[in-house]
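Look for subunit A in each of the two complexes below; its partner is subunit B in the first and subunit C in the second.
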Partner chain A sequence: MNFQPAAPRARPRYRPMRTFVPVSTLLLVLLPLLLLPLAAVFVFAFRGGLAAFWAALTAPDAQFALRFSLLIAMVTAVINAVLGTYTAYILSKYRFPGEQAVGIVVNLPVAIPTVVVGTSLLLLWGPIGLLGRWLDPFGLQPMFSPIGVLLAHLFVTFPYMLGTIKPLLDELETTYEEAAYTIGATRWQTFRYILLPALRGGLFTGALLTFAHSLGEFGATVLVSGNLRLRTQTAPLYIFSQFEAGNLATANAIAAVLAVVSFLIFFFLLRYTNGRKGS
Partner chain B sequence: MTRRGLIGRRVSQVTAVMLITGVGLYAIWPWLPFSRAAAPPRTIIFYGFSILEEVMNQGVFPAFQEEWRARTGERVEFVSSFAGSGTITNQIIMGVPADLALLSLELDAYRLSEAGVVREASWRRFPDGGVVNRTPFIILVRPGNPREIDDFAALTRPGIGIVHPDPLTSGGANWAIMAEYGAGMRGDPERPGAGRDLLLGIWKNVVAQASSARSARTQFENGFGDALITYEQEVLRDRERGRLQGEIVYPKRTIFSEHTLVVIDRNIDPVEQELIDAFVQFLWSEPAQRLFVSYGFRSVDEKLNAENSFFGWIQDPFTISDFGGWPRAKKEIIDGVWKNQILQELNR
Partner chain C sequence: MSIILERLTKWFGRQLVVDRVSLEVSDGELFVLLGSSGSGKSTILRQIAGLSQPDDGRILLHGRDVTHLPPQQRGAGFVFQNYSIFRHMNVADNIEFGLKIRRFPPAARARKRDELLDLVGLAGLGERFAGQLSGGQQQRVALARALAYEPAVLLLDEPFGALDVKIRAQLRRTLKQIQRQLKVTTILVTHDQEEAFELGDRIGVLERGQLLEVGPPEILYARPRTSYVATFLGAGMVLVGRQENGRALFGDLDLPLPDGVLREDGGRVQILFRPEQVVVGEDQPPENAITIGRGEVVDQAFTGASRRLRLRLPPLQRVRQIAPIPPFGEGGLLVDALIPAGLPVTTRSLWVSLTGWHLLQPPAFQLLVYAAADGRFALPPLAGFLAERLQASLTVLGVKRDSAAIEAARRALEEGLAASGARAELRMRQGEPLDQIQAELAGTLYDLLLLPVDAEPAGGSGKNWPGSLVGSILENMNGRWTTPVLITRGQIGSIKRILICTAGGEPGKSDVRVGGRLAWRFGAAVTLLYVAAPADGELSPTARVHLERAARMLRGLDIPCEVAVRSAPSPREGIIHAAAAGDYDLIVLGSHGPQFRSIFGWDDITYQVVSSVTRPVLIVPFDPI
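Let's look at the complex of A and B:
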C-alpha cells in the first residue's frame, strides 16, 4: 500500500490487445477474494427493500454508532496527525541513542493483535489496572467511556501517520532547510515554512488512512468500550452485535454505509495522489 | 499548471472541505448544546445475557419508562449491553459501570461475589431468590426433522452435527450441559454413569462452539449442523410469528434455566437508588412478568404461564436445585465430568 505522492513518471500506454489477458486474470482473482464478499454485504443490506434499509439506518442506536464512530475517527486522525508528524520529525532530524528502539516501538501497533491492545489498556487504565486502580477512588475512569475508545484508537492507528510522513521527511532535500538555518530561521520557522508545505500531501493521506483504520477498528474497541449502546458502541461493534443477534439486514445496512465511506476515502486518496503525479 | 487545472483543483479542494465539514457536523450533531433534549434523563445501565435483548429493549424498558413517567414525570434512559452471560460477568469484574445485570445463571452471580463486586448472595434478597424468569432447554432441528431427532439420546448417533454454545463464555452452554447430563441420569437412574455417557455421546458430535446462545443460533441459521441445543424462549417467539426455520423437539427430560438478577450496589449513585429499586420491583411485577411470557419466557408466577399457549409440555422437568445448586453442580458436573473427563477424552 503506497499512497505517497509520487514523482511524475511515464505510465505505459493503453494497448487493448496486450492488456486483456492480464487484466481479466486479475479481475478473476479479485472476484472471490474481494468483490463478491463486498457484493454480499450490499445484497443482504437491501434484501428487505429500501424502506427496511432506511429504517435500519435511522434506528437511534445505529445513528449513534455511526456518529460516534465518525467522531472518534476524526479526533483520532487529528491527534495522530500531530503526534505522528512530531514523531516522524524527531526520528528523521535528530540522532540519539536508542533511536532505533523508539523507531521499532512506534511501529509495533501494526503487528500487535488489536485484542492485545485492548487487554493491555484495560490492565493499565481499568478499575483493577496498574494506574486505573489509583484513579478509580477519584471517580476517574477512562475505560468503558469514549476516552477509553479514543485511547485504543490512538494506539492502534499510531503508525499510519508516521509511515506516510517519515519517508517524505527522509527523502526531502536538506538544501532549503540549511539555507533557512543560515539566514537565522529557528527550528520551528524552518518546520513551518519549509518542511510543512512539502509535507501537505503526506499529511492529507496519512490523516485519511488513520481515519479509515479508526472507522473500522474492532478488536481493541470491543474490550475497552464495554459495548454500551448509545454510550460507547461504535459502528463495527454495532454491526457485530446485530450480526450475533441474527439481525443480518440491520448489520449489513450499517456495513454497507461503512463500505461506501471507506470506498470514498480511498477514492479521494487515489485521486489526490494521481492528481499530484499529473501536475 | 494550466488555468483549467487550477480551477479544477480549487473545485476539488472546496468539495473536499465541504465534505469533511458535512461529515463532521453530522457526527457531532447530537452533542451540540442546542440539539440536546431539554432535561437530561435519568439513566439505568443494564447488562443482560444474550437472549434478553428483544424482551428488554422492546418490552420491559419502554413499559418501565412509561410507568416511571406516569409516577414521577421524569424521563428514564436505558443504556444496555447484551452478550454471553460469562462475557458480561467478566466485563463487570473488569469494571464496566453496570447498575444491574440479568445473568443467565447464578454461577456467574457467585463469580461476581467472589471478585468482590457484589456481596455474597446479595441477589437472594429479591423475590424468588433473585430468579426473574425461566425457560426449558430444547433441541432445534432442521425443518421436517430430516435426521429424526426425538430426544437428547438421538443426538449421540454418529454423523449428527451439533451446534453448542461455549461453556466458557455462555451461561446457556452450562445449562445445556446440565440438561444433557441430567436427562441421561434421570433416564436410567439405576446406572451410575448414565449422565456422563449421554454427555459424552453428545459432545462427540459438537461441530461448532459459539460464544453465546444467541450467536450459536446465528451459526445454526447460517447452515451449521443438524441440531442446536438452546433455550426454548430463543426459538419460541419466532415460531409464534411463523418465522422459525426449523422445528422444536421437546426432550422428555430437560432442565429449566433460571435467570438471576444482580444489583451492583457500588456502581449506583445514591441519587439513583430509588429509581433502581423501582426498576427491580418492576421486574417481578405482573406487567413485566406478562411481557416475559409474551416473549416466550416462563414466568416465576405459574398462573401467568397459562397465557402463552405455545409453551411445550415436558414430561420430566428438573432444575438446578435437583443437583444441589450451582456451586455444587459446577464443581461436580461442569468441572468434574465435562471439563476433566469428557474434554480430556475428546482431546479438545
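Let's look at the complex of A and C:
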C-alpha cells in the first residue's frame, strides 16, 4: 500500500545476454501465480459471447450488486477520508497519554482477519449483541442492512487513509503552521488553508486506496450483510453466490467488471504518484 | 518600550534553557540576540511570538501583557530560518495571507502586496511559487509576508542561516534598510558575530540561557565585562593575572586598575587585548611602550586584507591564558597579531607590545556544598579553605525527601553556618538527593561541587562504601554532567600537594587542565602520575607524549611539577599506593567517560579509588573535546 515515490537511484544498464535467464525465470514464476488467473477471468467472462456477457451484466440482481458496491465504496471513501484525516491530525499534532495505544488500535484493522471483524460487529450490533439488543426493541437493526455493510467497510478500510495522511503530516515542518499562527490564522484556518492543500495528494491516494479495498471487501461483508439479494448484496457477494449456484459465466462477467475498475484505480494511482515523482 | 521581557524562564525537563532573562527593546530598535547553539536564543524569540510558553516571567508588547495570549493575538511577525513559504500558494497569496485572514478588501490587499513586493525587491514575481525561487528570494517573501499586516514587532530566527555568504550580505542590507524605513521594532536571533555587528543597534549576548551583557556593538567589543563576551565577539587574548596595591599585574606588566573593577589585594583580574591592538616589530619597543616580550612566529594565516600572525612568547610569571584556548601541552603564551598582508615576515623572532587593553573582572568562583542535613551540620574545613583561596561565593544545598523535615534541616544548617562564621547562601530542596543536586547544577553555573562524606571506607574492598549517593553521582557523570565533583572527608583543610592521575587508555586532558587550574590558584605542587601495567615494560608513546605536554603546560603556569610513573597490577592499586606514599592533599581523577563499564561500577577505577582512600578526591567529568 505504499505508493510513495522512491528516491531516484541509478538503474543498471540493460544487457540482453545477462538479463535473459533471470527475467524469464521471473516470468515463468509469475505466469501461474498472477498472469494466468487474471487472464482466466476475462476468458470465462466472454465465453458465451458478448450477448451473454451483456445479459449477465444487466440482470437486475447484478445491476443492484454493482451499484450498491460502488455506492458503499464511495461513501466509505468519503467518511474515512474525513475520519482518517482527523485521526492523523490528532495523532500527529497532539501529545497525550495513551497516544501510542490509540496509534496501534487505529491501525489494527489491517491485521485482523476480515471474518473476525464481521463476527465482532455481529456480536456488538446484532439482534442479541451488546448494543444491538437495546436497539432491537425500537426496530433498529444495523446488521443485515446497508448500514451494517457500511459499518464493516468503514472498519476494515480505516487504516488506509490514516496510513497515507499521517506520514505526510509528520514530515511537514511545524514551522508552516507556526508561521500561519503568528500571521493570525486560527487552528482551523491553518488546517483549512495551509495543511489541507499540502495533503491534497495524500487525500487522493488514500481515498482511492480506501475505495479499491471497499470494492473488493468480502470476509466481513458476507457476515454482517446476511447476503440479502437486492438489499445488502455487494458485487463480491453476488459473484460468490452465482459461483456457488453454478452460474460460472455470470460470476465471471461481474468479476471482469470489478477487475477492470480495480485496474483503472491502480492505473490512476500509478500515474499520479509517477507524475509527482517527476515534478 | 516596544518589547519588555521580565525574568523570562524556561525549563526543558531538567535543563534550564532560559534563565531569568530581562530585556527592554525600544521603539524602532533593531536588537540582536547573539549566542552559540543551545544558548536559548531561539526559545526566547519563540516565547515572544507565543510559539512556546515561558515557565515564569512576563512578556509585554507595547505595554500589553501578552504572556498568556496565543500567537494569533500577539501581532508579531515571525521569519523562520527555513523560510516556510506556503508551497501551494504563489508569492502574492503568501504575502496576502495575513490580510485575507483579517478580511481586508481585495483592492487594499493588492495595493499592500505590490508595495511590499517592491520593498523587498521582488516586484513582478508575484505569480511565482516557492519552488521557482532561490533561497534568498524565498526569505524575502517570508519577510514581506511577516510585514504585510503591519506587525507590532518583527522577530527573525536566524533568517540568513541557510543562505550562502554573498546572498546573506545582500539580504542583511535589505533588512536593515527596510527596518529603518518602516521603523518596526525588531529582534533578530543569530550565532553569527559579524551579522550581529552589522545589524544590531544593540546586541545581547546569551550563554546557557543567561543574558550576559547588553549594549551597542562598539561598547561590547571594546569594553566587555565578561571573558565569555570578550572572546565570543571577535578574536582576542584573555589572560588572568593578580591585583596588588590597586595595580593589575601580568608578569612584568603593571597596569593601573580602572574604576569599576572590584579592588581586592591578591584578587584575580583578566586582561583583554585584540589582535589589532598588538604591535610587532623587529626592534625593541621604547621604554614607555607596554611590552609583553619577544616571541617567535609559530603560524601565519593570510586573510585577504591582512595577515594574522600567531606568536609564542615565554610565559608570564603567574599568568594563566584563557583565550585563545592554549592547545594541550602548550607552555608558552600565545598572542595573535594583525599586520598588513603585503608586509613580508622575514624574521621569526619579533617584539610584541600593546597599543591598548581592557581589564575584566573575573566572575566569582561558584562553589556548591552539598549538606546531607542529618542532625548537626558543620561546614567541612576544605569548604572554608576553598571559599577563602578561590574567593568563591559559597552555596550550601540541603535536600530532604519529605517536606516535614525540611524546616528542621534548614534550622540545623543555619546554625551550623553561623557557627562556622562563613558567608554562604542556603538552598533547600525537596526530593531525591541525586535529582536535586542535578537540578541545582542545571539551574546555576557552578564551578565545583563539594560533597562531604562522613563514613569511613570499608577497608579497601570498596564494595560496601561509599554511600549510594557518591555511587550514583559517579554513574551519572557522563554526557551532560559538566561540574567537577570534590569528594571530601576528614579534616584536611588546605591543599599543598596535588596528585593528578592519568592511567591507561585515553589519557584525560581535562583532569590536567582542571587540576592545574586549582594548583595555580592554591600555589600547590603537582605530581603527574601514570600507572602502567607491569607487563607493559616501556611507557607507550601516547602516554609519554601526554605526560610531557601536561608537564610543559603546568610549568608554563609556574606550578612545581614532577612526573611519576608507577608500575602496578591495577591502576587502582597504583593510585592508592602513590597517594599514601606522597601524602597528597588532593587526588584528581577523570570520570569514566561516555561508556560506563558496568551497572554497579565495581570495576570502575574512579569508584575504586574513591572508596579506598581517605583523602579528598576531585573527579573531573569526561570532556569529549
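Note that in this section the second predicted complex is superposed on the first by the 254 of 279 C-alpha atoms of A that agree within 3 Å, B and C clash if a C-alpha of one lies under 4 Å from a C-alpha of the other, contacts with A are read in each partner's own complex, and residues count from 1 in each chain.
As a convention for this text, contacts are C-beta pairs under 8 Å (C-beta built on N, C-alpha and C of every residue); 3 or more make two chains touch, one makes a residue touch a chain.
Note that this is a predicted model, so its numbers are computed, not measured.
Asker: Based on the shared subunit A superposition, would you classify subunit B and subunit C as clashing or fitting together?
Answerer: Superposition check on subunit A shows subunit B and subunit C fit without a clash.
Asker: With both complexes superposed on chain A, which partner does A:A185 reach: first (subunit B), second (subunit C), both or neither?
Answerer: second
Asker: Taking the superposition on A as described, I'd like to know which of subunit B and subunit C A:F144 touches: first, second, both or neither.
Answerer: Only subunit B is touched by A:F144; subunit C is not.
Asker: So, A:P22: does it touch subunit B (first), subunit C (second), both, or neither?
Answerer: neither
Asker: Once both structures sit on chain A, report the angle subunit B, subunit A, subunit C from C-alpha centres, rounded to the nearest 10 degrees.
Answerer: Rounded to the nearest ten degrees, it is 150.
Asker: According to the stated criteria, A:P12 is in contact with first (subunit B), second (subunit C), both, or neither; which is it?
Answerer: In the superposed model, A:P12 contacts neither subunit B nor subunit C.
Asker: For the three-chain arrangement built by superposition, which of subunit B and subunit C touches the greater number of subunit A residues?
Answerer: Between subunit B and subunit C, B touches the greater number of residues in subunit A.
Asker: Applying the touch criterion given at the start, work out whether A:L70 contacts subunit B, subunit C, both or neither, answering first, second, both or neither.
Answerer: After superposing on A, A:L70 lies in contact with subunit B but is clear of subunit C.
Asker: Where does A:P97 make contact in the superposed view: on subunit B (first), on subunit C (second), on both, or on neither?
Answerer: Once the two structures are laid over each other on A, A:P97 reaches no partner at all.
Asker: Please indicate which partner A:P32 is in contact with in the superposed arrangement: first for subunit B, second for subunit C, both, or neither.
Answerer: In the superposition, A:P32 contacts neither subunit B nor subunit C.
Asker: Check the residue A:G246 against both partner chains and state whether it touches subunit B (first), subunit C (second), both, or neither.
Answerer: Touch partner of A:G246: subunit B, not subunit C.
Asker: Look across subunit B and subunit C in the superposition and give the shortest C-alpha distance you find, in Å.
Answerer: It comes out at 9 Å between the closest C-alpha atoms.
Asker: Taking the stated contact definition, name every residue in subunit A that is touched by subunit B in one complex and by subunit C in the other, in rising order.
Answerer: Comparing the two interfaces on subunit A, one with subunit B and one with subunit C, no residues are shared.
Asker: Sort out for me which residues of subunit A touch subunit C in the complex.
Answerer: 173, 175-176, 178-186, 189, 193-194, 197-198, 200
Asker: Which residues of subunit C touch subunit A in the complex?
Answerer: Residue positions touching the partner: 49-51, 70-72, 74-78, 80, 82, 84, 86-89, 97-98, 101-102, 142, 145-146, 149.
Asker: Tell me, which parts of subunit A touch subunit B in their complex?
Answerer: My answer: residues 64, 66-68, 70-71, 74, 122, 126-128, 132, 136, 141, 143-144, 226-231, 233, 241, 243-246, 268, 271, 275, 279.
Asker: Can you check the complex and tell me which residues of subunit B touch subunit A?
Answerer: Residues 1, 5, 9, 12, 16, 23-24, 26-31, 45, 50, 53, 77, 79-83, 91, 93-97, 211-212, 214-215, 217-218, 221 of subunit B touch subunit A in their complex.
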